[in-house]
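Okay, got some structures for you below.
Here come two complexes built around chain A, the first alongside chain B, the second alongside chain C.
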Partner chain A sequence: MCLGLRLELDEAGLVYQPGLPFSATALEHVFLQVEPGERVGIAGPVGSGKSSLLELLAGITPPTSGQVLHDGQPVGRAGPKPGTIGLSFQAPENCLFENTVAADVAFGPGRLGLDKEEVARRVRSALEATGLDESFEQRHPFSLSGGEQRRVGLAGVLALEPRALFLDEPTAYLDPAARLDLIDRLVELNEESGATVVMVGHDMDELSRFAQRLLILDAGRMVADGPAPGLLADAGLLRDHGLEPPGTVTLAGLISRAASLPVEPFLTEEQAVEALARIMEGR
Partner chain B sequence: MPKPIVTLNEVSYRYPHAPGGTPPALSNVSLDIARGEFVALVGANGSGKSTLARLLNGLIRPAPGEALVDGKSTADPANLDRIRETVGMVFQNPDSQIVATTVGDDIAFGLENMGIPPDEIERRIEETARRFGVAELLGREPHWLSGGQKQRTVLAGVVALRPRVLVLDEPTSMLDSRSQREFRELIDELWRDGATIVYITHLMEEIVTAPRLVALQDGAIVYDGAPRGFFSQPELTASTGLTPPLAVRISQALAARGHRLPPALSLTELVEAVCA
Partner chain C sequence: MQTGNMVIGLFIPGDSLLHRVDPRSKIVFSFAFAVALFLVSSFGGLALMAAGLAAGLAVARIPPSWLYRGLKPVLLLALVTFLFQAFLRGGAPITSLGPLTLYREGVREGAFLALRLVLLVLSSTLLTFTTPPVMLTDGLSRLMAPLQRLRFPAYELALMMTIALRYIPTLLQELDRILKAQLARGADIRRGGLVKRARNLVPVLLPLFVISFRHADELALAMESRCYRGGRGRTARRQLRLGWLDAAFAFIMVLLIGGGIWVGRL
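== the complex of A and B ==
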């Protein structure tokens, strides 16, 4: 049974290349507490600090000011405790280096002191979760398509079965069916194992399917933190920060204008169908 | 039909080190793209999209079959310089395409190779950097940029060369939705100015708005036509790894409850149908 990791940022800030001509402030004064087992989404425009925030929370990039805590303990320079976290970078295909897909996915769990059978079980289950059948196991990672490489990268992180998962735009390069599958897998994994899952995304429909809680970043500052449904339904807030609302929210706006009658705002597809059916039945 | 600028004639391709037993990445693909067309190329992961793209600028050569750009075969090495001037490529992974140590030099690189005079290079860098939102980043080192900033840098570098055919392999995969839309508007502008666009994407909004949709499945073309015809075939949609757009899903759910609507592809169409 895996218990989720508690994450905390105490007035954390991050400046890249401090003191140099192109020093960049990526994050400023971030306070944040993530409870064990939460599913948190991070959204924001290009360059707003999403990847930086994810890496700080994961404890793999030390902040230049403030503190990062895991389970209440400050994360030191040495990084998080081995085996506690799994992080999939924005370009995980750049992190593939073994000669076969199976060896690549086994690399992380192989260093956790598990027995061979357990590593093999995890490799198979992670490959299955990312939709790669057995024919991929002996292929060379560099002889795969972009989306296939991304799946291998994700499988390597899932195989760690960590207490907290950090995923940076994990659905980029995946085909639409695989995107939905991955999101559903992550939700399932979170509900079954209790692991904390934090995901950066720019597709609001995907974030809406995934997140219980949403953080919105803009220019290195956290401008919103709250239950995901409320924030995702707030088209004005999202647009103010360069984001497009989910399709259902856009639809709600269009329909209440066109039908010139008040329509209860909706977020899920079922609610949308319900609302439209009522309009049609009312005529 | 106007003269095609890109032609694939019964093209197949198998990667040199593909393990025994794996089918070819492309089999018997024929495709004509007319000057000034906009084609969205879609399909599941591994269906052959990037392979097809690599055939278009002679990076790989078909066997058997023939790839022609502006009437010139990619099989003749003497044609390759001209072909690569004609066809600008944006690859799937921006890291693989960044060559210089500053954003400005990266955009300049291709222009210098084409022998463009220095003051014209300056002008083009400034213009494209502004259009692609990287004007503030010109002095920065590309490898230290965010994912989306890298992607914009690569795009600016290719568009600055003003190729007549632009092949874009998932160019907006790391951009936020507003930047995605802005980028698409830029591409539409180039298209209206006469460029031919081949656009590989997994993003629904980019797919439904394309004038022509070509879908690949296991290395073969299984659909070539308007997006509307594609999404009216649920089995085809599913077997190519795509999901129906939101407007289609909602129309279908409404139909299941006895509310038949004219087929809607976009939310605007859906609203019109509901309120009609």
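== the complex of A and C ==
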């Protein structure tokens, strides 16, 4: 069991190439508090600053204005304390470099000064969490398929058993079944370990399955921050910012139009059943 | 870890007169300028050429902060050159600092060499600041085209340069990502001895190599699928034409370089 990390942004902003002709503002005046153990989704159109926000929160990219705090302590330019955060960019498989899967996953925990048994335990449990069985351990990472490499890359981050996990579109290029599987594993991990998990996603169906709280960014500004179910059910808000509402919300809208009845937007199967039952009663 | 802030042959978009000069003119005269810097042997000549360069920087509206960025890597070298010359060259001693003696001729020669070095870097930086990389390689390949008859692979060389230039920012970005990801996994590239530090670079460099090879593979496929078959008989969409601007540029550069050599012929 580990305690989640509390994350805070105090009027943080990020400008790339400040003071130069190419300077580009990625984020402006962001105030944000993420409680320990929260599951936060970040959504927004391309170029809205999602990845920048993730990097700021992780403390791995210093802001050009304002402050980033972990557990109330400002994060210095040297970055967060080793082992407190896990970070996976869009293609974690790009960071593979060892000769065997097990060695690659062991790299992170091996640097934390843990004993051999503990490292081995973490490698095993991280590979398990990403759905890779023991037969993978001694294989060469580059002999695996793209999806398997992605899992190994992610396992290398999970093996740190971080107090906060930051993921940038972890499901990109995975097949539909693997996507849902990964999302469910992340939720499970969050519930078991209590780690804070922040995920950037472009698929509202996935975010509705994952997030308790949703942040919506547009053009470097935070335009919405609140409980995920409420925001995801607001098709108008999502469309205003170039996002496609979850399939279930669109479906609820279609049913409402076909039946000429107001239908509450639903996100889960139970809510769908409830909503449909109410329509049937009404008939 | 601010790899995004590096200035390597970076181009500053603009519409100044210097931006509009044909890349071939700029390449030829930057080269002539660099050669002339080595023919000049007095401060007067160097000063004239520095004035010309300053005028060029002003015309191109290069922000001073960029100049400093472009010069940063060479400033240390210039300083070391100056110090070596000042203390070790010999001549009439000025003053002694402990075991070291400062020499008059040394200071003069050191300042001269350092200034020459700075001017050399500044002039080539001005070329890359005002010329987009693609134009630069276009110009180079056109200049080298006559050599093609001597079986010199001018076109292939130009293509290689274009691709290399194109991928520098891409790879820097990838490097930044990998570095951050591996640092978050506990990689440590700043501490330890030389051997240890080199070994610690493996988690960063190996993935970068893998990515480079992947990029190369994908690029080759993309080029082949667009029926790329080498340079022979290929025409350019962007035609380079010399105009009155180039004539004026050539006139000024001949005056500047000629004047510099004439003043500095001592």
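Going forward, the second predicted complex is superposed on the first by the 273 of 283 C-alpha atoms of A that agree within 3 Å, B and C clash if a C-alpha of one lies under 4 Å from a C-alpha of the other, contacts with A are read in each partner's own complex, and residues count from 1 in each chain.
Operating definition for what follows: contacts are C-beta pairs under 8 Å (C-beta built on N, C-alpha and C of every residue); 3 or more make two chains touch, one makes a residue touch a chain.
No experiment lies behind these values; they were computed from the predicted model shown.
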item	value
Chain A as common anchor, with chain B and chain C clashing or fitting	clash
Partner chain(s) touched by A:T250 [first = chain B, second = chain C, both, neither]	first
Touching partner for A:Y16 - first (chain B), second (chain C), both, neither	both
Chain B versus chain C as contact partner of A:E55, first or second or both or neither	second
Touched partner set for A:D175, first chain B, second chain C, both or neither	first
Touching partner for A:G242 - first (chain B), second (chain C), both, neither	first
Which superposed partner A:L96 touches (first chain B, second chain C, both, neither)	second
Greater chain A contact set [chain C / chain B]	B
Which superposed partner A:S88 touches (first chain B, second chain C, both, neither)	second
Chain B versus chain C as contact partner of A:F107, first or second or both or neither	second
Contacts of A:A277 with chain B and chain C, given as first, second, both or neither	first
Chain B region in steric overlap with chain C, selected from 60-68, 96-104 or 132-140	96-104
Set intersection of chain A contacts, chain C complex versus chain B complex	16-17, 94
Residue ranges of chain C touching chain A (in the complex, touch as defined)	4-5, 12-13, 63, 65-66, 174, 177-178, 180-188, 202-203, 206-207, 210-211
In the complex with chain C, residue positions of chain A that touch it	16-17, 19-21, 55, 58, 60-61, 79-80, 82-83, 85-89, 92, 94-97, 107-108, 110-112, 142, 156-157, 160
Chain B contact footprint on chain A (complex, rising order)	16-17, 22, 24, 44-47, 51, 90-91, 93-94, 135, 138-140, 143-148, 151, 169, 172-180, 202-205, 242-244, 247-248, 250-251, 254-255, 258-259, 269, 272-273, 276-277, 279-280
In the complex, chain B residues that touch chain A	15, 17-19, 22, 43-46, 49-50, 92-93, 95, 139-141, 144-149, 152, 169-170, 173-179, 181, 202, 204, 238, 241-243, 246, 249-250, 253-254, 257, 259, 267-268, 270-272, 274-275
